[in-house]
Amino acid sequence: MSEELERYLAFRLRGEVDRRGFLRLGATTAGVLALAACGGGTGSAGTGGAATTTGPDFKIGAILPSSGTYADLGDSIRKGMSLYFDRVGNRAGGRKLVVLNEDEGAGDTAIPLAKARKLVEQDNVDLVTGIVASPNAAAIRNYVDQNRVPTLISNAGVNAISRALKSPYIFRTSFSNWQPSQPMGKYLADNGIRKLALVYSNYGAGLETASAIKETFTGQVVAEVKPPFPNTSGDFAPFLTQINNARPDGIYVFMSGQDAIAFLKQAKSQLDKSIKVFGSGFFVEQDVLGAIGDAAPVGAVTGLHWALTVDNKENQQFTADFKKAFSKTADVFAVQGFDTARVIVETLNAVKGKTEDKAAFMKAVAAVTFKSPRGDFKFDSGSNNVVNTIYVRQLVNDAKLGFTNKVISSVPGVTDPGK
Amino acid sequence: MDVLNLAHGSFYMLGAYTGVVVLGLTHSFWLALAAAPLLLALLGGALEVVFFRRLYRSGHLLQVLLTFGFSLVFVDLVRWRFGPQNQAFAVPRELAGTIPLPGFGFAGYRLFVIVVAALVATALLLAWRRLRVGAILRAGVADTEMVGLLGIDLARVFTLTFAFGAGLAGLAGVVAGPYLATYPGMDENVLILALVVVVVGGLGSIEGALVGALLIGLANSFGAFFRQDLAVVLVFGLMALVLVLRPRGLFGVRA
Amino acid sequence: MSRAVRPALVGAGVLALASLTFWAPTFWVSIGIQALIFAIFAMSLDLLLGYGGMPSFGHAAFYGAGALGCAWIWLRHPGIGFLPLAAACIGIAALLAVPIGALSLRVRGVYFLMLTLAFGQMLWGYAYQAPREVLGGSDGLIGVGRPPLDLVQNLDQGLWLLAGLSPRGVAVRDFYNLTLVVAVVVLVILLLLVRSPFGRTLEGIRENEHRMRAFGVPTFRYRLAAFVVAGALAGLAGALATLFNGFANSGSLYWTNSGLVLIAAVVGGTRSLIGPALGAFLVLIVQDALSSFSQRWPLLLGAIFIGFVLFLPGGLAGLGRLSRTLTVRP
């Protein structure tokens, strides 16, 4: 192998080829860098208002994926955050809000930790937020805890963050994997489901969803179908066959993103029509619905801490503003970003911009409460996790909104047990 | 052609996206089906002429580095232009039905995929074994100088072959679009499976690729059916087993 | 470039790296640690690839085994010292390398590339799906601390604290020095190995195995030995990574990790040990800097790799060889 390299090298070494080559490389690199600089930097959002600020900039480090499978979720969260910050003129507590974006990456868990280090040590951020993937949340937990960095997790659902890995500096504004599914078990039992098949991606979030629903489901779990995560072949036929063979009354599904899309497309023609479809709302969230079109399982009943159709003033305003600003339909991830931004603003206002006292800052975070598009927002002190209202929604084909989830009932005050 | 091309998955992805664009413009799945392979063949040919042909004698590692670089570029270009979200790519109405079979229903689109695969396989096998171009390719890899001495423009043959390969990948992408998800990272999964299939089947053999694909596909599906958590281990274990017992792959030629 | 310049440059480089703890901010020191770990990983691959002519696409399996093994052991024996811990991780990786090497080395070239990929993925698949209590499943093992410092480090810790560094800043610098020492030791071991009769024989086997066998050399055993040594050193790199990050998960075994170290080695220039180390530094630092600089960083990184192949196929080490050749020809 290497002697081939050397032969090739010698072949190219006629005269001054390589000095020119080296210069060409330099020029190309410079050109490409220039091109990319136009393509969009990851610099700060927040162009500031006209009024004066009384303190230094409040720097927020947002670690969210802009590449890889979760890039779309990261995009929604970022947009949700910027929507709220723009609404308050990018200022709170007399300080200008500056967001520094970093790419969480796609799989290498060491990267978000490195980014957290960079944000804390080099950029001196006052707060860290983001984290879509659960392994990454576990990875940065000790670092932010030991360095006393206020952290708001705006997606990663791993239960441990609210339990064994709880920290006084880490609050979660999104959900724990337990929350959306635990009340659904009872709902299914109350609605005539005797035999249930659990269908979930075989990794942390799926496993935690399954154990949550089993807490309140009183019927019989006839099958647990666990496609690998991610399902690289994209083929769900063997799993659909397994489901059909188990003859359940209904299936409870946990999947997201590409797996949900492929699964639903294939289930449309391969899932037994007599089986009712339920699940944790992620697999029929707006991002998935946008991609599957007619394959949407109309009538599916799912549980989630938000829906496009949640009927309150804040949500109506939020969804309209989001669509207008980004030409993208809002989804649950955007709401999480939106709420995270509001938590930051409310906290800063409460401490009047004075953030040197970390303990007081975290106390203010814990005390934040407001009306969010998802309902009343407040944290639970036992788990440092948001208390969610879990909406039971049904998938419909709405005349105006297209495929969406209509709220049919709700379970308020779902609080993670915290241990 | 003895080229290790890690950008092949990108051709697949670009094929799917071409399908999305053409479908959006013309509302005809069949036009999309025709356009994707054509466009990708053009792209593949261009890449071969400008970049890849310099590396035939450089060994696989430089090919890996170059094509990996291209795959990064293509994925990001797609993400830049189309955004990171999944694209809507619906099953065409004509193929959306379910064919009733005794005991269960068979999805119409899956039958379509099988038919396309069968057609492509037949065409390839015929070309490989019966047509001149197949013979030239087989000879070109075995003994490049000799083929050149015979007066055949091997460079052009390689370009056309590479273009054809890219076109096929594009076809696979546009066929996969309605069945799976279309998003910027879709190249990665298919690439690794394709490498497994080609190696198990044996390099330099179309029959091998076919048999390999069937074998790996069945292993994947049945593995998933019986022992879900060990499906990955099963597929790669099969690959390892074949390579250990028959190092050249099932139908591999002595290169 | 005369024969004396190269070692002098390397020595200067090491000294420069050693001085980092004195003038660089803590964050740069952290980057340095990551780069050094990756460099150890890449150098171990060079033994296999550059000197042995065996391109492995599954080297991350040993790195990951060392990483997970380190986490597993530390969580059960939190007070364990660095040397026993490192030895155990090296042992785990080496033990794993024996059967994998024995099976993989039956084939050559691109088939070896694919077979090592297969074994790497098998191990990843197992680690990923293993019960969470054992290897952490998809979330991995977290909460790994650092081994206790020995007397020397305690002494110099006092000095740092006097100089006004935070305890954290001191801990990072101590770990950096540890990593640097390990990296230099690995480099020296590998240099001695490739210059020794063993190394010469290995290169002979790479050049013409039939001839070596005709001389009566047990070529398979030599190649297997190289494979195991390379795997063991990769495991050491993985262990260091776990101690630095405080966690380990199955992701370290995934094929993209094997691909990245292979790229670092090629970019740096194989068969030079220093080349892959430089390549590792380059790839790590460039990827880190680019991803913070622009959202389009994969595009830039891809373009850089393409540029390397087109304009610098000999890699960074090739630059050294280039200038040597340039001075020879007028």
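Chains here go by letter, A, B and C, matching the order in which they are written, and residues are numbered from 1 within each.
As a working rule, a residue touches a chain if its C-beta (ideal position, glycine included) is under 8 Å from a C-beta of that chain, and two chains touch if they have at least 3 such contacts.
Worth saying up front: this structure is predicted, and the values here are computed from it rather than measured.
The chains that touch subunit A as well as subunit B are C.
Interface comparison, A-C versus B-C: the higher number of contacting C-beta pairs is recorded for A-C. Subunit B and subunit C have Cα centroids lying 33 Å from one another.
Shared contact sites, meaning residues of subunit C that touch two or more other chains, fall at 49, 55, 109, 129, 270, 296-299, 303-304, 308, 310, 313. Contact of a single residue of subunit B with at least two other chains is seen at positions 58, 60-62, 76, 80, 192, 229, 231-232.
Residue positions of subunit A touching 2 or more other chains: 1, 5, 8, 39, 66-67, 202, 228. Contact residues on subunit B toward subunit C in their complex (touch as defined above): 4, 51, 54-55, 58, 60-62, 64-66, 68-73, 75-77, 80, 192, 195-196, 199, 203, 229-233, 236-237, 239-240, 243-244, 247-249.
Across the complex, subunit A meets subunit B through its residues 1, 4-5, 7-8, 39, 66-69, 71-72, 74-75, 106, 202, 225-228, 230, 232-235, 237-239, 241-242, 244, 257-259, 261-262, 265-266, 269-270, 287-288, 290-295, 328.
Residues 1-3, 5-6, 8-9, 12-13, 16, 18-19, 21-22, 24-25, 28-29, 32-33, 36-37, 39-42, 66-67, 101-103, 105, 107-111, 113-115, 117-118, 121-122, 134-135, 138-139, 141-143, 146-147, 158, 160, 165, 202-204, 207, 228-229 of subunit A touch subunit C in their complex.
Note for the complex: subunit B touches subunit A at residues 57-62, 76, 79-80, 83-91, 96-98, 104-105, 107-110, 176, 178-186, 189-190, 192-193, 217, 220-222, 224-225, 228-229, 231-232. Against subunit B, in their complex, subunit C makes its touches with residues 49, 55, 103, 106-107, 109-111, 113-115, 117-119, 121-122, 124-126, 128-129, 255, 259, 262-263, 266-267, 270, 296-299, 301-306, 308-310, 313.
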